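To start, the structure itself, in structure tokens.
In order of appearance the chains are A, B, C and D, and numbering begins at 1 in each one.
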């Protein structure tokens, strides 16, 4: 059985995190926060609450709105502090073992942690810990954090956590909870987002500002790269316990992952996407009659493109939102028919037109091929494809589920070969400097890039200890990234 | 527990139908056809197949893509002919009893029927049939058709069906199946759509053309109002067995129900919606800075409005597509917070702007109130609401789930009162003639209206036998409409 | 996959019925009554209650104690009158369609009926009704009763029911419910049991007295063969509307179906079973060292045998009660190992002994073969099998799920051949007269047998209209017996 | 909601273990072995298999025959070695976390362990391990074994395990599995049973011999108290690595826990139970007319009693085997009726008789009270109760779920008070020496008791480190015993 092919051909953010401290109904508010972060992971979610004495843990596969909103589930999560996590994949047969937050009863007391990002030396550290006698109950890199805290020789809890994180490489935006405190940390590069909010005096940590909006909370500020905040009944304390480095926020959050209504690192995502569309229009020479987005992710860039190019913006492709992630194509013979489960071209809009098609990125290229064929069959006389990011040429090791490099279309073809492969009259990607300009930078600083753009440039900002040497792929399959 | 309030405040089409004759994998193709008609009903679906000897019936609650795509389900539906139905609601405790298609083993052989529409004298006829000894196993009006066929004195099968339908009032677009034949019928007014398609020689009946597109089938023609087609191995035969009447297609299919990529009665739905937006712009005197649709249904009209008014079209409101129909608001105190489960305003786009908000219709007005409040809180300096249909003043008895008349905002308020109620600076509805113009008619012919527009005008094109007299509401609750 | 082979080799009673009138918590009491009748059918159950205005229907697959005891289920069954039914099989793909009680809204008002027994002309009558326009929604013979009531020309409700039942052949012990009344009927031969009980003034109808015991109700009397009782707020009325016939109670109820603690037709089941064992001992010439029952059904007869023969009664075979009906033998190779899923011989008790093995009946003989082999492998030096019923030679058409005649071991072998087939040193069945004596009759009256013993004698007390002629088997598969 | 009260009033063995080495279909055979050990725990089960490279883990709540027999489950358990565990309770909200076998990937390789018994210093050791940095993922004492192995400084695997077990107190009959080996260990006192079997050359470890019988395997011998056996492709090796002590097998295994067809420590359980019944008869002075067992556990002792006393053995109480553990008494008013969900007296057998009632033990006394009342209401003129064990006065800390001491009837009443409480004419318990005699010992040696009989005598054979001091109850609730 083959699952929806369209879904296989996009990148998946693996996690969203949310925590609130000092508020009745804490778990219910986490539920809402995670619901608004559902685009960062749809497969499973977990919430841990603390009622002043005990921790309570719930983990469920499925959408928040279907699992965590039952009264009975919320009643099992009492307390005025709670943190939660939503994730993209429960890979392998592990069932709910890998669903976060992770929780352990340490000798220092209980500790729960929810992690967005991915560690690049977790496997190496895990092996050391196992040699010492630690037993791992999941295949998630996040569990490594718990064991490092548990075995740290430091005396105070925050010092144990700093000790643990100092030994790790990679991306981590964490929300942690110990008795009487909620802790937020961003890795020194600030690869993944993390914001601070407030609801009637209660402090909130969340991956994106849209999770503050849903409950009417105010945005306070971004947690800084390398910052650790500790929230207690006495308020919030900030520290910068790691060696300072220049920040490298993931630029793909702007291109695709973050919700358009979120403000990330001070910039509005929808606005940046429209600006990328405008850059694309300026960099493009071809003319068309209408600008058509590949819905839904291509819509803001297409609007920006159409406004800049002064061409009509039209919904020439309709998306069926009832396709879940589990739609199975019923039979073999039908699979070969190339059915349009998710998108359908609107012939009336397209017939006889020169169509400028706008999408956010090309991963394997299989979806683009199908979309273009569909648009041609609907009568387009020319199809020009414009992509709101540079060619995706390298894998991400910081919490995004990318196919291995060899499957990325741009890693094995020139742009002309790609144009031929997806059968368009012209193909254009926004330039890397255009992308930086749209993101309010003058251009990419090649000596000290302002963002992590490794998926476009292969320029990784951290060591990749677990992935060095010949056996990367095997190692990767042994220790799944988790968020 | 309160379910998503937003969903309560829109109208729901109750049914979509699809059938295919003479093709291996018939049931699998019906699955795909129903998937593309999922917008016409999300709660439950059924498929009946005929394998040359026996009929096979499957009914499931939930989305097609989650229920009917399992190999085991399709294996229980063998045969080269199959019909299916997707429906909005399984009201009451009846479980799957009311899920169509209905099937009965009659003395003349098996007969299955799937019905889009609603009969307005089903209860009256049902009582007569019960007096005669017929036993009803559902509360659906569609079962009445089966009993009338079963008790008809006519000799040939098609005559029995004509006999049965001649006794019924209301809207019916039917797909039926008896051994060796598939039958399509539209009521004399043609209130609900029904189209004929073809896939490599096999004939198809479907509610909308988008259900042909998904499997790459060709559109042949609309079934005519009052037409009955009989599809057998020898081909298709057409008859017009009912008294001829001037057609009255449901104009709300254009406004909201049909998918924008469908062509209905020869016109493209997306195009009509854009034209309604343009009419609205022409009829409107107020100025704004940006045109913002209430997603998703307001999008095409907003595009049309923006193009006509030469104003920027912007996604100022973002929709969370992960809200299923079952999202339960977790606690009482949270319910009163007015959380933004489904929509969020994009402050960066809206702040300081005069916003022209475009939506398809106003039913109870509760959603509009919340949306407007959200847009104001995001910093809009003026909010002007434009509605792509005339005020909805009367209930539908032809297959749409409308609240009772007294709950329709427009039935109890003037436009100025409504403007005040939803707290906008100005409120405009497209005129009835504007709507007809957008639908390619010169204007509404008051003596012989070209469409059924009863929800706007109260001008019902059929008798309403079951609903006459004082006890309408009670009767309605006893016999649910079904499709 | 092969389900428990042991279970395939016994006869299954198909139904138990229970109703109570005029008591708060009616449905909860029906739940308990059905629980105590669970031995008469384990696959599915249903309850219909009447709250003075409306009927409420619940049907569930599985054991009563797992399905109907949930608070939410009982809350959906309000009212002071309720009837219920438990059944052995939901044959075919019909799901819950065939689960009783059946209910219909007739022009005369609602009517629910629960039926223990089987009609032998239901198919013939069904065809007549279909010709007339009746639509059947199940494949159960019981639905025929509803349609005959619905189409009866009689004026009063009871007369409609008498009219309906007069047209039917076979076995029926019914509990019916219409507004304001509960009705109990037994067919003129009284083939299946039905008793009247009382709990603090409220009257009860039940298949067996053990269903009265569980709730502490008093036994009033057996409903008589051919009797119809009508229970209303004014009390109970009795009538004998059918032509009088000499009664023919099913003697297999004593042998196997009824619970040992029930009194049926004035006699205690456990006592009769012990008396059968004593008859067996008297009719038997072989000697043994110990008497070992095949648990659980052989236990009472083995006790009676041991007491009469003055031999020790020993549990030489232990039964595993955790075998549900669904235990699937895991793999092919294991299936051929002949694993002891349900019974295990207790070697310490059996080794070196001459074992007299007592069982209730032999159906296909496959279980007996396995049991005997197991006892021999445990070291028995001789195995003598004694069966507490005569050879089962003919199928039952009155509500028992018997294999077709050709699969009954006794229909194709002599006793000596059977002895050889199951590999015992001697094999004895109780004589038909011995069975009658144990049942407190002097002997079988061959001209007017006091019981229905058709499964032993082939002497059927009613016409078998549906089963005459060459195509019995096909017909049977088209219309399942139901209780 | 109140669950079946009868079930609350008996003792529950918490675990059964089974392993097989060197045989295709290993997991399927474990399934069957666990099925025959289902009486030792019904709530949940787990199986771990090893396919030569990888370990595979499955855990499910429910009966083996309902969960592990699905083809899909067995296909996820490939390999020629597998071990399994069935357990009584998944206490608390831990879900499947506490279901055994436990498995961990240690630096030395994978290790799985299934444990029958209970450790009496697990909590104390756990705290030490946590201080050292170990993270526990369950509340089961068995996980402590894994951590001690993981952190052991010994070099070879078996030495690590010996090192670990040497630090633990209490009862443990273990089956472990590491790559290439299966290990069986019994604690030095041999409190719980463990036997060695063989099936066509493949070796088996199981809690009881009935688990060998089900698959036709041969019994080889009991694993000795304090013995560790290591099974590899080269055969079996035996070692006695712990300090030698005189064995103290749990005598309650004979009284109630073990299956009657098992041979334990060289003695047949059914035979010992009959001998206890005979001792009871000899120690009893009262006369009766019939001997009636409380089914099912009282049956063997009642047979022994009746044979010794030369009185008729009769099934005067019938048990309903369809009562699952989850039967919920439907309503409050019904709960007060004292319904007979599980047992019913057979009035015909009991009326007018002097009844000698035989049961295995009295825990809280609530069941005995109800049974006696039921027997009296059925017309017994005298009721004499005889119990096949001495009064149960103390809690078990070795793997049996006993109520706390204060709830044990015999810990707070004299026998005369108990007689009065359960309202019998006489009450007798077998003497402790009678019980030893029935178990083939001349008498109890008070200086060196041959069995663990702590539940009758309070004489615990091990230290109870976790339970010393004032806060027993709290500690117990923090660390559940597991098997």
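Points to keep in mind about this one:
Note that in this section a contact is a pair of C-beta atoms (placed from the backbone, for glycine too) under 8 Å apart; a residue touches a chain by one contact, two chains touch by 3 or more.
Which chain is which protein? Per UniProt: A, B, C, D = Amidophosphoribosyltransferase.
Predicted, not measured: the structure shown is a model, and the values here were computed from it.
For the two copies, subunit A and subunit D, the CA superposition rotation is 180 degrees, given to the nearest 5. In terms of C-beta pairs in contact, C-D outnumbers the other of B-C and C-D.
Although subunit A and subunit B carry the same sequence, what matters here is overlap: shared residue numbers make up over half of all numbers found at their interface.
Look at where the CA atoms of subunit B average out and do the same for subunit C: the two points lie 50 Å apart. Chain centres here are Cα averages; for subunit C and subunit D they lie 36 Å apart. Multi-chain contact residues of subunit C (touching two or more other chains) are absent. In the complex of the two chains, the subunit A residues touching subunit B come out as 1, 24-25, 28-29, 31-32, 35-36, 38-39, 42, 63-66, 68-71, 74, 210, 213-216, 259-261, 263, 268, 270-271, 296, 299-300, 303, 307, 312-315, 318, 320-324, 326-331, 333-334, 337-341, 344-349. Residue ranges on subunit D touching subunit A, taken from their complex, read 76, 93, 104-107, 127, 130-137, 146-147, 150-152.
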